[in-house]
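First, the structure itself, so that you have it in front of you.
Chain naming follows the written order as A, B, C, D and E, and within any one chain the residues start at number 1.
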Amino acid sequence: MNKTQNNKAWFLVLPVFLLVAFSAIIPLMTVVNYSVQDIFDQNNAYFVGVEWYREVLQDPRLQDSLLRQFMYSGSVLAIEIPLGIAVALMMPTRGAMASLTLIVLAIPLLIPWNVVGTIWQIFARADIGLLGYVINGMGIDYNYANNAVDAWLTVVLMDVWHWTSLIALLCYSGLRAIPDAYYQAARIDRASNWAIFKYIQLPKLKGVLIIGILLRFMDSFMIYTEPFVLTGGGPGNSTTFLSQTLTKMAIGQFDIGPAAAFSMIYFLIVLLVSWLFFTTISQLDKDKTKEISHES
Amino acid sequence: MSRRKNVGIWAYSVFVLLPVYWLINMSFKSNEEILGTFSMWPQQFTWANYQVIFTDPSWYNGYFNSIYYVVLNSIITLLVALPAAYAFSRYKFVGDKHLFFWLLTNRMAPPAVFLLPFFQLYSSVGLFDTHIAVALAHCLFSVPLAVWILEGFMSSVPREIDETAFIDGYSFPRFFIRIFLPLISSGIGVTVFFSFMFSWVELLLARTLTSVEAKPIAAIMTRTIGASGVDWGVLAAAGVLTIIPGILVIYFVRNHVAKGFALGRV
Amino acid sequence: MSWMAWTLPTAVFFAVIATILVSMTVWEIRSPCIERKGLLPIATTRGDRLFIGLLSSAFFHLYIVGFTTINIWVALVLSIIWLISVMRWG
Amino acid sequence: MAEIRLTNLAHSYAADPEHTTDYAIHEMNHVWEQGGAYALLGPSGCGKSTLLNIISGLVKPSHGSVTFDGVEVNNVSTQDRNIAQVFQFPVIYDSMTVYDNLAFPLRNMKVLESEIDAKVREVAEILELSSILQRKANNLSADQKQKISMGRGLVRDDVSAILFDEPLTVIDPNLKWKLRRKLKQIHERYNITMVYVTHDQLEASTFADKIALMYEGKIVQFGTPRELFENPNHTFVGYFIGSPGMNLLKMTLSEQGAELGGITLSLNEEQRALLQDVGNAELTLGIRPEFVQLSANQNEDSLTCTIQHTEDLGTYKIVTVLLGEHTIKIRLDEEQQIPTQEAYLNFPNQWMKFYADDYLINSSEEDSNE
Amino acid sequence: MSLVLENVNRSVDNTSHLKDINLSFEPGSFNVLLGRTLAGKTSLMRVIAGLDKVNSGRVLVDGQDVTSLSVQKRNISMVYQQFINYPNMNVYDNIASPLILAGTAKAEIKRRVQETAEMLRIEPFLKRYPLELSGGQQQRTAMARALVKDASILLFDEPLVNLDYKLREELRQELRELFKLRNSIAIYATTEPNEALALGGTTTLLHQGHVLQTGPAIEQYRYPINLDAADLYSEPPINILPGTISEQEVTFDEYASFPVAGHFKDVPVGAYRFGIRPSHMSLVPKNDDDIELSVQVEVAEISASETFLHVANKHFQLVLQLSGVHDYRTNTPVKIYLPPEKLFLFNSEGGIVKAPYPERKKGAQQHG
């Protein structure tokens, strides 16, 4: 679509700009201010330059939780993306069953995050939880409260339970948008199901998958509530992720300066990843409009 | 092939529903039963846990608080996102792409980064512990997504419809309400779904910005950990009650969801 | 505003950023920019190049501060040179 | 390579069709011979795409059978029918190169890579795609994409028929004739049965040796372009073929001849005999605008009319005249002069067609088999 | 009500869409804009409607400068190529909407909607929604909405292009009658010369953003101002053969020559381009002077009563438009005949030198 140049459109955007600026820019500036000072209370703050940044970057605790964070985001993505695609492919396409499946799949998305934590806290406990009880019943020693590996697995399983639906629903709507002619042509060309998936469905899912990966990466990167409720970050620090470390630092220990510096680094990483995804998406959009303009 | 598909989707549905079932199961048991015997369904069925919640104002007010700020957030989100999305979908203007990107980065920003300044910001303008504070804070995350979703839907409406309306003599507001909004009703449904979803499930900000008056249900649930240990039954009942509004919302927008989850960008 | 804990360096920093944004806007209104492809692998506008320049400078600073003992002013000067070259040839 | 035979074929999209209006395809028998180039022509909604999809197996007919070379294929899947189909909007696998797109059906059939290469290059040569074989298929223009869709059908040696479903809809007008020519050349070269669905008579008559004209779920006429033009056996054929369509005048029979609302047209013996035993059927006289003779001078059997309007289209003229209460269109050559007010019409006997309840009354056996 | 465009220029992102357009439209006139895709027809209409801004120049309605007036205030109607209706309103409300906005009385609205719907033969569908209608009915609804409000300027941007050809034929005829009855300025854009010729009215030829020629279509068909104009009026395109004129002879490369006669007599010697309309060549000589050319058939396209014969030899490619059905297989050798008296003569820049029609009627305006 060719849009018209009109700078008056800014007036339409202004409410959003002001609203978001209020909630985003002022806090961001504050974080920057904190990150260069040593703050004891309102009236006792000393300028320390980039000292906190140096300290934070060299702090092994933070390096560990950053590493843990990447491992966590990586593993949930590695499970949720293929699983979500598979679920989307299996979903019925029409009728009452389609609606029902849709509602069932969406349930985990609409449960408050701490309730998600609670559900799994109960579900996975060895004494009163179905999952824990069954696993222990099978003779496997499982206790997410004591064993780091168990805790880690439980957190990942919880995330898969919680978020695979998002990927599945995204892919489902992406699949629905493929015109029938493609499937018909493939049948005529004698394509196998695998070939249909590889050459028709997957390429058409590229757009929604990028959005899905972006959302999932970001949300898992800032995950806080669910593991906090489930494991409280333990045992040890095995399930302590970035947001938890940060919150502990800022509110628990009131180390505002380092917390702010750390926030800035966190924010820059998020900015970089967002930009990479955004560029990819708009590049895809551009290809698509090119395609359309050819056809018209 | 089709059978294998069905088995797969049934299996996955069971995986999704089982933990929820367990929660429901527990909500109908007494604490003694929960801790005492392991059973797949309540042996001594009881409503007692729900009674606790429905008779204690500090419990049920938590629900009202949550619903109040969630609705407030959805309304504010729609009101500001609709005109902005229209601008992005129809016009080119200085800085449009960068503004759009900047909006999206806010959706991606971790709440933990903003926690402390938020607390101080809303305290300093006297909004601490109000519903509007939570709603506004959640807008930081729901508005960018709403603009994005709506922009996708609006771009699929041909610009010629706008022009025809202007040629017919519609003023902009009248056109927008009478003609344009009905055309993107799916998009609005999906936007409401997403802003509801985010605001309803978020806890970190909601808890930080409230203390008594506007405390969300999710935060009140932490009370079940008392001196005598965790009150599992009430916790489960409270959890079950938080799931219901979500199911209602998804039921109402289910027909738009297939289209909408692609965020108008397939 | 006292809770925002302003310091002179951060005030200067934000003032510089704000000035750059305002002047970029004025520039854009005066002579709209056309997307072009330079040394960077994708077609960019002026605003894109500014963003790329600033973000990469930020990461460069983090590297210098966290993992070397080089003076931060050196990093700043290098970043400004980098920023200008990205704007010019990117 | 196959002869496609439709026997007592009917189709309804409704589960339990009750009325005839529930049927998208009314019961029909039809044969597409091996190696023929056919068009299925008709206005939108006449059932032509449904019929095409029944042949390719994408739609299962509610009644009757489809046979390929005498073998019933009703229950054979699309994959196993050895059919190629080109859709209205080009379907290409856009993550692949042009080469891989063309090779795709062969690779699915596990053909040797060396054979694939030879075949792909041969087809690419014919379709003039050789220079872009290594390009990604998604950034091509619509006509190139459509050529790829066709090419995927052509690479297969086993294909029994190629079906085209309005393949030129998205093609730029000035490229259309180039692709039409390509199609025709391909048909002449490969001797494959081809069925081409379209609503455009130009496309149909250019491509096909024989046209099946569909109207409301029925094939109303099957014949060469010339037969459809000169001897339409249904008023709809007369109306639909030709631009402008046939002049259709309601008439009744009287002692003097044909009564055309106040004007009497004398008929010869043969015509009278023909019209004798039609009973109560509604009669229509049809004559093509190209065959009406217009002159400034009265002559034997001529009818007086008033000139209403003249359109000079450069290469030809269309004159609208009023004959009694009927409006008649006449098509004249560029050079022909047009009388100013009063004018005289002649309907040559051989071009007058009579229809009883919209169906042609055949003058003799040989005419109908022309 | 008159409409005048003065030196209108419009460009987007440095590509020019309209170049120095000067046009005036008479009150109550019917006008056709003829040009290829992207020739600037739509841009011109959008400027007249006020949907797009001009970079320079003025738009005057009744002498009043309306260049910066908003769309709502211009009293125009427009019909697009796509079927544009309000999907959430039924057909009645769609047609009534401009009247409701203008504050017309209820009874009057009812009467006018009925009347317009009858005129366009959509009154059985008034209660239906646009998306439940066929393409033709949808476009009729859009036209009804445009016609109901008695706008002073009616803009039709290729309204029939997305319809089946038979429907197109019928609607075109109806439109011609509809326009006759109105005193508004009607402007109709099309890519098809036949449509321009059939509709009549004043035709403006647009090519690459500028006006080539204005006048009655049939005049432009006979006296095109240059090659582009001649080409726009041929469907299939006009055939071009390069050649030279000497003292005695006209020569096409080495393959054909004929004595200088007829309308070539007073032409200075030199190299020219000769144009011949596809309909003017034949398979049998009509005249002794006709030039005989040996060619091979590339393809024969048959359209009911006509055949388009594409032929070629090693020097050229030509298209013939023949009446009747002529079915030839590819590569059949044939002889074709080209009457010299029907040749257009263009100079090397493409400007017209001689047209094959005896006298030039007055009134056809010229543009550079």
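Methods note: contacts are C-beta pairs under 8 Å (C-beta built on N, C-alpha and C of every residue); 3 or more make two chains touch, one makes a residue touch a chain.
This structure is a prediction, so every number in the text was calculated from the model and none was measured.
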Touching chain A and chain E alike: which chains?
B, D
Distance in touch steps, counted as few as possible, from chain B out to chain D
2
Per mean C-alpha coordinates, the chain lying farthest from chain D is C
If you tally the C-beta contacts, which comes out ahead, B-C or B-E?
B-E
Quick check: how many Å separate the C-alpha centres of chain A and chain C?
28
Chain C and chain D: spacing of chain centres that average the CA atoms, whole Å:
66
Taking each chain's centre as its mean C-alpha position, how far apart are chain A and chain D in Å?
57
Measure off the straight-line distance from the CA centroid of chain A to the CA centroid of chain B, and report it in whole Å.
16
Touching two or more other chains, which residues of chain A qualify?
4, 7, 26, 30, 34, 271, 275
Of all the residues in chain D, which ones touch at least 2 other chains?
none
Going by residue number, chain B touches two or more other chains at 94, 97, 117, 120-121
Within the complex, chain B is touched by chain E residues 49, 51, 70-72, 74, 76-78, 80, 82, 84, 86-89, 97-98, 101-102, 142, 145, 149
Please output the residues of chain B touching chain C within their complex, sorted ascending.
94-95, 97-98, 117, 120-121, 123-124
If we count contacts the way the header does, which residues on chain A are in touch with chain C in the complex?
7, 26, 29-30, 32-34, 36-37, 39, 42, 45, 47, 49-50, 53-54, 56-58, 265, 268, 271-272, 275, 279, 283
Help me check something: in the complex, which residues belonging to chain B touch chain E?
158, 160-161, 163-171, 179, 182-183
Per the touch rule, the chain A residues reaching chain B in their complex are 1, 3-10, 12-13, 15-17, 19-20, 22-24, 26-28, 30-31, 34, 86-87, 89-92, 98-99, 101-116, 118-120, 122-123, 127-131, 133, 161, 165, 169-170, 172-174, 176-177, 193, 204, 207-208, 211, 214, 218, 221-222, 224-225, 242-243, 246-247, 250-251, 256, 259-260, 263, 266-267, 270-271, 273-275, 278, 282, 285
